[in-house]
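A, B, C and D label the chains in the order they appear, each numbered from 1.
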Amino acid sequence: MRIGMVGYAFMGAAHSQAWRTVNRVYDLPAYARMTAICGRDESKVAEAAARLGWDGHTTDWRSLVDRDDIDVIDVCTPGDSHAEIAIAALAAGKHVLCEKPLANTVDEARAMAAAAAEARSVGVRSMCGFNYRRVPAIALMRQLVADGRIGEIRHVRATYLQDWLVDPTVPLAWRLQKDKAGSGALGDIGAHIIDATEFVTGQRIASVSGLIETFVKERPLPGEASGLAAKSLALVDGSAPATGPVTVDDAALFTARLDGGAVGSYEATRFATGRKNGLRIEINGSLGSVAFDFERMNELEFYDAARPTSEQGFSRILVTEPDHPYMSAWWPAGHLIGYEHSFTHQARDFLEAVATGVDPTPSFDDALHVQLVLEAVERSAATGAWIAVDSALTAVNA
Amino acid sequence: MRIGMVGYAFMGAAHSQAWRTVNRVYDLPAYARMTAICGRDESKVAEAAARLGWDGHTTDWRSLVDRDDIDVIDVCTPGDSHAEIAIAALAAGKHVLCEKPLANTVDEARAMAAAAAEARSVGVRSMCGFNYRRVPAIALMRQLVADGRIGEIRHVRATYLQDWLVDPTVPLAWRLQKDKAGSGALGDIGAHIIDATEFVTGQRIASVSGLIETFVKERPLPGEASGLAAKSLALVDGSAPATGPVTVDDAALFTARLDGGAVGSYEATRFATGRKNGLRIEINGSLGSVAFDFERMNELEFYDAARPTSEQGFSRILVTEPDHPYMSAWWPAGHLIGYEHSFTHQARDFLEAVATGVDPTPSFDDALHVQLVLEAVERSAATGAWIAVDSALTAVNA
Amino acid sequence: MRIGMVGYAFMGAAHSQAWRTVNRVYDLPAYARMTAICGRDESKVAEAAARLGWDGHTTDWRSLVDRDDIDVIDVCTPGDSHAEIAIAALAAGKHVLCEKPLANTVDEARAMAAAAAEARSVGVRSMCGFNYRRVPAIALMRQLVADGRIGEIRHVRATYLQDWLVDPTVPLAWRLQKDKAGSGALGDIGAHIIDATEFVTGQRIASVSGLIETFVKERPLPGEASGLAAKSLALVDGSAPATGPVTVDDAALFTARLDGGAVGSYEATRFATGRKNGLRIEINGSLGSVAFDFERMNELEFYDAARPTSEQGFSRILVTEPDHPYMSAWWPAGHLIGYEHSFTHQARDFLEAVATGVDPTPSFDDALHVQLVLEAVERSAATGAWIAVDSALTAVNA
Amino acid sequence: MRIGMVGYAFMGAAHSQAWRTVNRVYDLPAYARMTAICGRDESKVAEAAARLGWDGHTTDWRSLVDRDDIDVIDVCTPGDSHAEIAIAALAAGKHVLCEKPLANTVDEARAMAAAAAEARSVGVRSMCGFNYRRVPAIALMRQLVADGRIGEIRHVRATYLQDWLVDPTVPLAWRLQKDKAGSGALGDIGAHIIDATEFVTGQRIASVSGLIETFVKERPLPGEASGLAAKSLALVDGSAPATGPVTVDDAALFTARLDGGAVGSYEATRFATGRKNGLRIEINGSLGSVAFDFERMNELEFYDAARPTSEQGFSRILVTEPDHPYMSAWWPAGHLIGYEHSFTHQARDFLEAVATGVDPTPSFDDALHVQLVLEAVERSAATGAWIAVDSALTAVNA
């Protein structure tokens, strides 16, 4: 399976590590060959190809899509180019793995889902890169829910807390510009907890009441624009750096009703001082609860209300046993895995699905639904009203 | 200072322990004498007086209010009788300590605040029993905010999670009946996190979007109705017990804007399986964060963004040092205190304020504000709209 | 049951709180009357009697022992006077509750155990105040072991970590003088983990290899000598304060073999910077494990190896349920208790045993065994050899 | 830098992942080429070479050592072959990275250290694979000690707790046979905590008192003998499997004195039910403390006694910041790394040292010292006496 990847920054590095590792660890019906990457800057993309281990490189994504010796297009660019690249790739018969959020607008996402449906009919596969589904503890959470161990779900409590924008001198990178990123914390990290909770519960968010805030409204213009921590332009003459307006949200909160009867609380922010990657999910049901924090990603807390009262408590499961999802291929119990492993697991599932002719999940339809929730939150925040998630989708496909 | 207490169930026991202990531990300008308690059932109140250590007892609260040898009326009844008793006591010149929530309706709360204002003008004091303010870790949290260590506050994140209603056979106690309790999780425990976060931040909730849910709508009628765990009527003939409608919320969630610029997420529920008394507060500011969980009430987590980057982290402060609030009177460092100590601290502050002619806090005005927030949440939940908290109060008095 | 207490410092305050509270909380066949306390300084003991709620006071412990209207002598003095007071009290027919360690030497402890045996034969009871046995989580730990949930015990891991001597200017209080305290960390806090682990496991320490260290060998002489935090003499002329030699250990470590086949690691220190009262116990058995930390005294961690592999993990049991040891009398689940509650539980068990004619535990024999272990550790540390615990006791009486 | 690796089981897989990744992540003066691996079974080693990404393979380690196109020999075999392979490789002028423990006996270790000294004189480098030194949190711990933040070290508390032998049906793999493994928990995991604490403190263990135990003395013979979890022979006729004697320790405990004045407690066991990879280190000093648990390997707890009393507490540092050791090359803050990363860091340091002509650490001398401690523990356990670590080494080379 010959891969062509577009983009080589943060996500590009993570995906490269996954493609490079996946066949070293898992026995799979397909072998990932790192054929070529694409980026706008010739010398940088050449350097990235050499460093990350790709056979070739190009500055023209269309040429990548057109190559005969490429089977998969892996889209790791900012959200504003997802639709164009993914649709072209699907049309060219390439399987597509597209980073999240699927697109910057619902219209784009709808077009992508339509393209994916058409491609699917001729055996071309597509998948959106909500990598947190492949964290073993989150997969185990879903398993416990699916096995009925949590019972009827009452509460979903999800936050994604970061703090890298607390400092007002952090520059205005592409992630802070609406035209490039679509939205701020909402789409970047809020999308993850929307998808992850829908994945875990098997329920979909049906209506929301949202609140959106931008705490720091002007920031210095950046010197270079890739990665999470782009450096600001240092002016030689000591004058204040030029600034520009932040056009996305710093924080987004919403309450929700899910279609299976649960109520939910969601919060995504880049202003939670001290929380570095606090993707936390707690699910309370009639028979038990599960709780997860990505800052302790190898652990799952499970409360089983069926145990004797005097022994009940949240169990800290170290999700490193061979019979935990994805873990048989790694190290002995108690030897942790890291962030990047979720991408290796994603690569595994993608390769396996494509090689065996199965549609991988999350599908573009699933990702479109996330996009609809994001839009509903923004509309609710703008109007102050509860908004039903507008959806023609009829089933939770996850 | 001669105390007369009305009510002798859960809160009555906690207050009794406080009055009995406070002068053994603290040096105070006044001494609490446990003069008499009042309850409706003659034999039970007599038994309670003996067990809890009160000199006398009565079944008529009006007689208690009228006695010359009583200086303080301590109101520990369900919310539906707070207004009548407290107003009468204030009119009779008694200082009043009234359990939370102040009342079951905004109208009652307004009348109580007015009565308190009038009484204050002649030196009669009143206070509402939001005891969590007197947990040392919460008092320390406020101190850190007040000292500027947290900086500009961005996020308030508060939950009060319990699970004692998950079992659908738990009977229909007074706390589940709107006419007695006013509301459910919202007023009973939501009120605590509203007050505690306003206390800690010095900001007031200005507008809210609420969601309210009753998961279990019918419950068996109870055999006896006091305490948190009233037993259900066991029918002799084995037939299903008679049931009645739950008329209050099981869970209430709301997002909020505070008047100092922070945004907030609030959740109160009795359906969070595995969470027994999860009063949790996290505050994120521009300079630091604090986090608290009542299930570990002797600890405060403090993140100080002023420390060197490589040493930053949430510090688990064991709030048992002599220079922590309220703690110099207790045991050596590392020797924990419990739930009931918050009432002893409350008794200390109340006695000291009254004895020195100072108004204790939280005042009835503060508690009225909490009531206004509760009402705003209910109205928002009913209409789906954001609701501004209607308030004639002009300053945060805390 | 009329109590006479000798000593009114740290332990005296804790015991007073217990006697004052026990009948308010528990239904018991006997009622504790706080008849009189005894201390050397007339004005201080008078003040303490008033503050702590005792009916009378005296400066002569012998007169207390001789009074007809006293049923129980509660010994809360430093260890050097335990033997004399307890033996006299037992001879006078008084039931005795004696603080730990039982004595400063094995010879004294043997004499006390002999006196207790003689008194027992005429219905006079005795008990040693290892209060940590009455922490609900520790009692639950013992229950799980006794119920076979832990299986065959392999490992005992116990530390008692404090840090109040890290500061070299902390003065030379009685706890640092061998003639008064017997030993340092070893007897003061090491004794607690010896007793607690023997209580929990039902096994006795059979042999030890010890290491003892005094890090700070000279300290300023104290101004006044009671409590944990006695203040140093401040010299008016600014000269360095007079110092004296620390004659006890700062830290004691030992490895052990228990008589049921387990191996153990023990450590007691006052130099564990940042650990305030870190009494920690972990037991590993063939079927499960339990772990406890007094700094989170309301929690017990329990690992049940009988659960399915993918769900195994340490469960954080919040030991606040009505069916947990001692807890039905306190607050609803999730409402914590504190350090002093262990003394109230101890008072409950003592009163109940005495009133119903049963020998309370830990007995003086149990406490003598602890003393023998302490001596074995000291001898091992002095000689560098493994030392068998010399014991004529034939059964674990706990 | 052309690598030849001997062994391809657990350690071989971990080292392969490291060699494959190191130049993708770090900018280094040398590039690791995975030239060939060696194993005894032709078909298995061929399969391993293909799976793990090695260019070639062989069944004869001597031919590997003799090849001109190999610069580095990476020894990942059981301990009984370390000495022969490493000495031959050094004699052949190959740089050597040798897994820990360095050897199975002190004599072998001495011979290896001598060979390393001779090789060093002609620019040939050697290093022992104590990979935990390269866990960022442990490296940070050392940094804090070296920077004087912990002050004078009083206590070292180290455990390495696993539980994979609790089940008595786990077969008699090579790690349970003295002739192959040298010792059991002591050398396998105890060696890690000896090295790690010496690394962190800069002190060496000077004398010990040891206790060694084998709880399960007979185990079924294994069917195949590689990895941690070798499967037992399943007999076709249903008879009980043949068993053999366990000739190594299941658990080893020792107390120690370090040459800088600290006292230490050490424990290594494979019978700590529920602890999967509990490598825990706590250091208490006069100015602060640090605590680490490998099961939360991305965190370091740091207590800074220099902070104001009311703010003191253990800070949970998430060791994922760019300015933490090794972390600038990985993901944004809050994105965790796993077990295998320690090997990548080790590969980085090894490559860099060799390429720049510097001796890497830990040296064979450092590893010989660990071997001397292991021997001292065994001799102490056999005799019951304190044993001084016999050492001609004069300085802590770490």
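Going forward, a residue touches a chain if its C-beta (ideal position, glycine included) is under 8 Å from a C-beta of that chain, and two chains touch if they have at least 3 such contacts.
Labels paired with UniProt names: A, B, C, D = Oxidoreductase.
Just so it is clear, the model here is predicted, and its values are computed rather than measured.
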Chain pair showing more contacts of the two, B-D and A-D: A-D
Chain whose Cα centroid lies at the greatest distance from that of chain D: B
Inter-centroid spacing, chain D versus chain C (mean Cα positions, whole Å): 41
Separation of mean Cα positions, chain D and chain B [Å, integer]: 54
Chain A and chain D: spacing of chain centres that average the CA atoms, whole Å: 36
Per-residue overlap in chain A, given as positions that touch at least 2 other chains: 275, 312-314, 318
Complex contacts: residues of chain A adjacent to chain C: 140, 299-302, 304, 309-318, 321, 323-324
Residue numbers on chain B that touch chain A, as the complex places them: 154-155, 157, 159, 161, 163, 166, 209-211, 213, 215, 251, 253-255, 257, 263, 265, 267, 269, 271-275, 282, 284-289, 303, 305, 312-314, 384-386
Contact set on chain C toward chain B in their complex: 10, 14, 16-17, 20-21, 23-24, 51-53, 162, 164, 228-229, 275-278, 294-298, 318, 320, 322, 331-341
